[in-house]
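Listed after this line are the structures, all set down as C-alpha cells.
Shared chain: chain A. Partners: chain B in the first complex, chain C in the second.
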Partner chain A sequence: MSSKEVSLLSISFKQYYYKLKAHTDLLNRLLLTQVFALIFSLLGTGGTGTSGQLSVTFKTYSANIVIVFSILWIIIVAVLLTTRPYKQLETPLVGNRLTGNLSDFGFLMTASVFAGITSTFGGVLLRNVMYFISDRSTMAVDGFYLTFTDLMYGMVVAILVLVLVSLIFYFLGLLVQANKVFAILIPVVILGTLRVYTHLGQSVLEFYMVNVSLPLFALKVIITAMILFGISMLVSNRMEVNQ
Partner chain B sequence: MSVIQCVDLTKAYGKLKAIDHLTFDIDENKITGLIGRNGSGKTTLLKMISGYLIPTKGELKVFSKKPFNSLEVSANSILIDDTMTFSDSLTLVDILKEMAPFYANWNSGLALGLFDYYSFNPKQAHSNLSKGSKSTFNSILGIASRCPLTIFDEPTIGMDSAVRKDFYRALLKDYLEYPRTIILSSHMLSELEGILEDILLINEGTKRLHLPALELKELAVGLRGNAEVVLSFVEGKEIIYQENFAQGSLYVVIRRGLIQQHIDQIKQSGVEVSPVSTDDLCVYLTSKTKGGIDDVFKRS
Partner chain C sequence: MNLSGMSFILLPLMIFIIVIVIRDIVPFLRTRMSGLLTWKRSFICAGLYVGILVLMVPMLYVLPNEGFIKVSTNSNQANTLYQNVLNDLFNPDDNFPLDFYQQEGLYKNSSKTFKAETNKLAFNSDPNTNLPRIFVERKAVDDGEINVSTYAGTQSVGGIDITKLIVPPAMSFNKGTLSFPSNNQQVLNLKKFNPDFTVDQFKNGISESMNSSSWHFGFGQVIYIRVPKSLEIDTGAYSHQIQMISGKQVSE
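Moving on, here comes the complex of A and B:
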C-alpha cells in the first residue's frame, strides 16, 4: 500500500468545516454576550443640561457597547484557539501546523463576519425596541434613522475591525504558547512603550481609523492580516504538539 | 519496503534522554509490538513517528519522509492514545461522521458496526465516557481509519478483559482483510502475543531486542535446581535473571543458545529446564538489577 499525496488546501478546508461544528459553543456565547450588551444599552446614559431657566434632561441610547462586547468576545475566542485544549482537538485529524493555523484563521474570519453582522443588527434591534417602548414625542431623531448604505458601511467596518483584532490576539496567543515568558513580556512591552512614547498608541489608531476611505482601510487590514499570518506561521512551525 | 526507518535517533529533554541512539526498521504490513516498562520512551518514540515531536538527533523517516509537521505523514498515519480529545459540541456519532473525510480509506460501515456492537450511546459526548469506554471508542477510530500506518499507544487502558479480547480480534480480522502497518505499544505482552509478528523491546530509550515474536518465545530457558549444580552450568555466561529460593535452590534464566549443547546433561543432573514466558522475559530483560524487587528487601 503506497502513501497518498494530499493537498494542503483541501485538508485546511476540511479542518475549517470540522472546527465550525466543533466550536459552535463559542458562537453561542457571542449571542449571549450581545444580549447582555443590548440590555446594558437599553438603560442608556443620562444627563442634564441647564441654560438660564431652561433645564433639559436627556438620555442617550447607543449600541456601541454591543460592538465593544463583540470585540472582547473575539479577543477571547482568538486567544482560546491557540490554547492547548483547543489545539488538542486537531490531533485526531489529518493536518500539520499550517493547516491548523489556516483553519483557525478561517474560523476567526467567519466568527468576525458573524459578530459584525449580529452586532450591527443589534443596533437596529435597539432602535426598534426604543421606538416602541419610549415616548416618541420626546425623542430626538438625530441618528435614529439609518440609511441602508450607512448600515452596510458600519457592518463592513465592524467586520474588518473584528478581523484585525482577532488576528492580532491570535498571534499574541501563539507567542505565549511558544514560550510562556511572553505572557509577561507582551503586556510589559506594550504598556512600557505606550508610557514612553505616549503618542504611539494614538498614531497607530489614526493610521487605521482616521481619515481613510473604506477601501483603503480594508487594504490596510488585509495587508496587516497577511503579515500577522506570516509571522504566526513562523512561530508555530517549529512548535511541538503537546498533549 | 520499510515504512519506518530510524537511525541513531535521540530525543532529549534537557539532560534526560527519553530516546537514546535508537536504530531500527519497521517493515510494511507487519504488526509490531512496542514493549517497554513505564517511562522507557514508548510514547515519545510514537509521537516522533507521528510527527508531533522533533527528534533531537539522528534520522527518522516515515514513508521516506521526515515526519515532523509533515502533512503527508499525517494523512497516512494515525496515533490512537488516551489523550485524544473531541469537542463537546460533537456527539459520538458526529465524531465518526466528521473523522471520515480526513482519512482516505475510512470504513464507515465498520465504524458504525463496531459502534453498535459495543452499544455506545450515539448522543453522548466523548468527554463523558469512562476511561475504558474512551479507549474502546478510540480503538474504533484506529481500526476504521485503515491508515497505512496505524499506531496504538496503550490502546487497552481501562478496558475490561472481554472488550480487550474483542479489540484484538477486531484488529486482527480487519488487518487480514486490509493489511497495513500496525504498531501496538503495551506492557501486557502475554495478551498481545497472539497477534504480534514482531516485537521491539525498548528500555530507557535504547533497543533491547527487535525480533519476530516466535523467536522471542524460544530465546531463553529457565533452569531451576540446586544452586551449585545450576551455577556450574551457567558459570561465566551472561545470566538474564537470577532468583534464590529456600534450601539452596536457584532459578536462572539464560539464553537458550548458550547452553544448547549441554541441555541433555543439565536435564540428567536433576535441574529442571522450563520455557520462559515472553512476558516474564521482557521484564527480566528490562530490569535494572538481576535479582528484581527481592534485592531491595535483602539489603534492608
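Moving on, here comes the complex of A and C:
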C-alpha cells in the first residue's frame, strides 16, 4: 500500500496529458477538415445581378466555413469522448469519474483553443492565397486587411463558441451513454420544441450573441459552461462503472 | 437579390462531406497510416500548421495594397443618396429645374459635345436596349452645339458603392440623330472579403450584416442634354423616356 498522497488535480492532469497523446488522431482530423474548408472557402459565395446594360457578378469570401467545420469537428470530438472505446482508455490509469471528466474537460478546452486559433487564422491564410491567385483588380480593398483587433476579437469569440458547443454535446453524449433512450429522446425533444416554439432557436442565439459585448458574451459562456460541466458530473456519477 | 441561394445548396453538401471525412475517411487513412502517424509526428504536424498560419498574419500586413478596387463601402450613404435623387428626378413638378452639377447621388461619367448639323434632334435606340432617362434643356443661345452628359445614379453591391465603376452608355451622333447601340453591355466582377460571423455579429449586429450583402442598382443612368435654343426635338417612339428639364413632357 502506498503512503504517497495524490491530489485530484495531479491525477486529472496525468489523465489529460495521456488523452492528449492518445487522441492526436482527432487533431489530424481537424487539420484535414480545415484544409477542406479552406478549399471550399476559395470558391466564395455570391450571385449575379443584372440591371439594364450592367451585369454584376459578386462574390464574398470569409473564414465562416472553416469556423463552421471546426464547430462540427468539436461536436464529433465531444460526443466521441463520452463513448465507451474512448472512456476505456482511462482504465489503465488511476482515477475516478471526477478525474475522468476533468481530463475530458481539459482536453475539450485545449481542442477548442486550438480549433479557435487555427480557424480564425484560416481567414488570414485565405486572404494571402487569394492575394496571389486571384485578380486583384476585381477585389475590394475594404475588408481585405483584417485589423489586429478584429483578428483577436474573432479568435476569442471562436474559442468561446467552440467551448460552449463542445460542452453542450459532451453533456448530451453523457446523457446518451447513461441511457440509450436519450439517443432518440434528445433529437425528438429538440426538434419537437423547435417545431412548437419556432423562435426558440433564434431566441437562444440572440441571448448569447445579439446586442451583447464581448465580456458579457464571455461571462454567459463561462456560466453556461460551468452549469453544463456540473450537470455532466452529476450524470456521470449516476452511471454504471462499466459505462 | 438573395445571395444566400448558393450557400443554401453548398452548405448542406459541405456539411455532409465533412461529416463523411471526419467519420469514415480519416479513420480509414489512420489505419493505413497508423505506423506513420505517431503522437509525436501528429504534434509536429499540428505545430507546423499553427506555425504557418501564424506566419500568414505578418505576411498579410506587408502585402502592398496595390491593384485593388478602391471604392467607397458606405452603402448606407449610397442608398440615401439614391432615394434622394430618385425623388428629385421623378417628382419633377416640385424639383425641376434640377441642378445636375450640384445634385448629390449623381456621378458624371461622361461628357460629349456634338455639332448640331441640322435644326432637328432625333433619337434612335436598339429595341433591346433599355434607353436611360433623358433630360433635355434648352440653352439661352443658339450656339450650334449639343452638349451631352451622362450621369450614373448611386449604385451599390454588397456594401460596395460601384457608381464610379459604371461606364457611360455608348452613343453616336450622325445627321441630327443621337443613337444608342445595343452592344454596350458592361460586366463587373466583384470580390469582397467579409468579416467572419464571430466578429461581424458583435461589431455590426445581425441586421447590418444582412444589409451589407444587399444590392441596390437604383435607376441606372440618366442622360442630360443641353440643346441650342431653337433646335427642334423629335422624340419619336421615346417620348416616355425623354423629358424637358422644365418638367414638361416633350411633344413631337
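Just so we're on the same page, the second predicted complex is superposed on the first by the 236 of 243 C-alpha atoms of A that agree within 3 Å, B and C clash if a C-alpha of one lies under 4 Å from a C-alpha of the other, contacts with A are read in each partner's own complex, and residues count from 1 in each chain.
What we mean here is this: a contact is a pair of C-beta atoms (placed from the backbone, for glycine too) under 8 Å apart; a residue touches a chain by one contact, two chains touch by 3 or more.
For clarity, every value in this text was computed on a predicted model and none was experimentally measured.
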item	value
Partner chain(s) touched by A:Phe217 [first = chain B, second = chain C, both, neither]	second
Partner chain in contact with A:Asn179 - chain B first, chain C second, else both or neither	neither
First, second, both or neither for A:Pro85, with chain B first and chain C second	first
Partner chain in contact with A:Thr138 - chain B first, chain C second, else both or neither	second
Contact breadth on chain A, by residue count: chain C or chain B	C
Touched partner set for A:Thr24, first chain B, second chain C, both or neither	both
First, second, both or neither for A:Thr57, with chain B first and chain C second	second
Contacts of A:Asn96 with chain B and chain C, given as first, second, both or neither	first
Which of chain B and chain C A:Thr193 touches, first, second, both or neither	neither
Which superposed partner A:Thr120 touches (first chain B, second chain C, both, neither)	second
Contact residues of chain A, present in both the chain B and the chain C interface	21-22, 24-25
Contacting residues of chain B [partner chain A, same complex]	28-29, 47, 51-54, 63, 69-76, 78-79, 81, 83-90, 94, 98-99, 101-104, 141, 148, 179-180
Residues of chain C touching chain A in the complex	1-7, 10-11, 14-15, 17-19, 21-23, 26-27, 30, 37, 39, 42-43, 45-46, 49-50, 52-54, 56-57, 59-61, 63, 65-71, 73, 129-130, 132, 155, 157-158, 160, 162, 166, 169, 184-199, 201-203, 205-206, 213, 215, 217, 220-221
Sites on chain A touched by chain C in the complex	21-22, 24-25, 27-29, 31-33, 36-37, 40, 43-47, 49, 51-65, 67-69, 72-73, 76, 114, 117-118, 120-125, 127-128, 130-131, 134-146, 150-151, 153-154, 157-158, 161, 209-214, 217
For the chain A and chain B complex, residues of the former touching the latter	1-6, 8, 11, 14, 18, 21-25, 85, 88-89, 91-99, 237-238, 240-241, 243
